[in-house]
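Working notes for the structure below.
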Amino acid sequence: MTTPVSLGLVLDLAGTFAFALNGALTAVRVARLDIVGVIALGSITALGGGIVRDVLLDALPPATFLDWRYLLVAATGGLLAFALSRQLERLSSPITVFDALGLSLFAVTGAVKALDHGFGGGQAVLLGAITAVGGGTIRDVLVRRVPTVLQSELYAIPALAGALVVVVTAALEGPMLLGALLGAGLCLAIRLLGVGLRLDAPRPPGGGDAGREA
Amino acid sequence: MTTPVSLGLVLDLAGTFAFALNGALTAVRVARLDIVGVIALGSITALGGGIVRDVLLDALPPATFLDWRYLLVAATGGLLAFALSRQLERLSSPITVFDALGLSLFAVTGAVKALDHGFGGGQAVLLGAITAVGGGTIRDVLVRRVPTVLQSELYAIPALAGALVVVVTAALEGPMLLGALLGAGLCLAIRLLGVGLRLDAPRPPGGGDAGREA
Amino acid sequence: MTTPVSLGLVLDLAGTFAFALNGALTAVRVARLDIVGVIALGSITALGGGIVRDVLLDALPPATFLDWRYLLVAATGGLLAFALSRQLERLSSPITVFDALGLSLFAVTGAVKALDHGFGGGQAVLLGAITAVGGGTIRDVLVRRVPTVLQSELYAIPALAGALVVVVTAALEGPMLLGALLGAGLCLAIRLLGVGLRLDAPRPPGGGDAGREA
């Protein structure tokens, strides 16, 4: 199976940028962190998923650390968010939208990288999802929130769906460019729809929302 | 030193299942998380210790990711806990008992795996303990609790004891089956006894329980 | 580029010891943890940065796990802090000073190790900073604090500065002993000056300190 290498890198860097914006805005929103804190959280959010992915794939040192472009994109996203924070923070959606974009792009690139490393379809789907939710989970832990992946609003499910589209496309030997865009698009759609409609996956029998964080 | 490979896998999967139940029930108990959150936390708790172990042993990609049985057992445990949550959550002990079972089994399998990889006895004891407490520590961090391993009630000590039994058995070239069961049993006994009697290890001079979480 | 190997190990162990004291005192200060919790947190703080560094460098298994001296130094530091906790905890600075010492030493040894592994200057600076802040960040997460690296008081900047001095010295083929001591000294000076004068890096436009933790 041949994957468009340059497309894979572009999508990965785009996802990195999206998560950098998201992480940096989170740093600004959560507390008035200084420029170092904002860039640090943006970078950790942007690079975290890729690092977890590369550890699981035994693809060390991680690409996000070896390739200067990842670090540059992450830092740039952080700086940009810092500079535009006042304008952006009046709106609540940018944080969520950037996170959804990063989620979608990483679900696809994570699955592609797993397939490229010879892993089976099921593991590639799982790894795509892990790459997608990894950075955001580390971000949430650092700012002392229960990670989004553990809460509702469909976070892991769209990531799994996006990765699945990629894996199915590869299995059918279809055009990977289309598979990647379809997968990312599907993930983005499910995620944003879920947020917009406040859809939840089934909850345990017994009802009640005691203690749930929105 | 020859270890019963099939026994090692069975114990490792059993520990995985125990931690999956524990993690999933924690997700239900802490907040009414949806099915995805419950299975996610159950899986992270179940697989976390093994992943940390494999990174330290440089046994990548981690077995818990390569071998489908681990993922299946983890997800099954999570689903089961989700379905039976209402019945189980009236009791406070299942969470603690499953955690103690996972702790005991992983203390043993972690030590065995370290010995199999050629590490010395001391490192194997340490690695067994790390494997045992690893998943639960990640679980606690994700739900914003100070990890059990840092609090009292004898958590790391029983894990170290169980791993030590395994290492001593190997050093004496005794039967590993017996060493494994003895070690797990010892760890389980110390842990549950400590919980039951609320025994603590020595505290720093100066007294007072200010700020301690039960 | 030849580095004084024995000096590198001495500095690394010294940094490990400093962070062990810092982590253990944090465990005593945050809550009256028992001796196991104090040694555990001291060890995690002391060894965490080195483990993250070795994963990123693909130098597994991590030196901090392979070499008994690291584990011995970490445990010793933890025990010492536990025993002297009452005397030490009346003062607020020891925790900060030990952390600054660990930060400075690890910034230097992390950069040196990256260069030894053939990484470029920029990556070595980054890795020095990551090694320096890594242990403290894990410590903060475990005791449920927003990590110091994300807050002000100049934490990442001095680490980057110290690592930069090392990298520049190596690039100029200067004496590494001097570069290491200068780098550690610079980092220590900036960090302690920042704490003393409560200097902050620039904050995002919009003013206000809402929600900031000192």
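Brief remarks follow.
By written order: A, B and C. Residues from 1 in each chain.
Everything below uses one rule, namely that contacts are C-beta pairs under 8 Å (C-beta built on N, C-alpha and C of every residue); 3 or more make two chains touch, one makes a residue touch a chain.
Model, not experiment: these values are computed from the prediction.
Fewest steps needed to get from chain A to chain C, stepping only to touching chains, is 1. Copies chain B and chain C of the same sequence differ by a rotation of 120 degrees once their CA atoms are superposed, given in steps of 5. One finds 29 Å separating the Cα centroids of chain A and chain B.
Residues of chain C in contact with at least two other chains: 55, 60, 141, 144.
By the touch criterion given at the top, residues 27-28, 30-38, 40-41, 51, 55, 60-62, 65-66, 68, 71, 82-83, 85-86, 89, 141-144 of chain A touch chain C in their complex.
Listing the residues of chain A that touch chain B in their complex gives 55-58, 60, 122-123, 126-127, 137, 141, 144-147, 149-152, 154-157, 200-206, 208-213.
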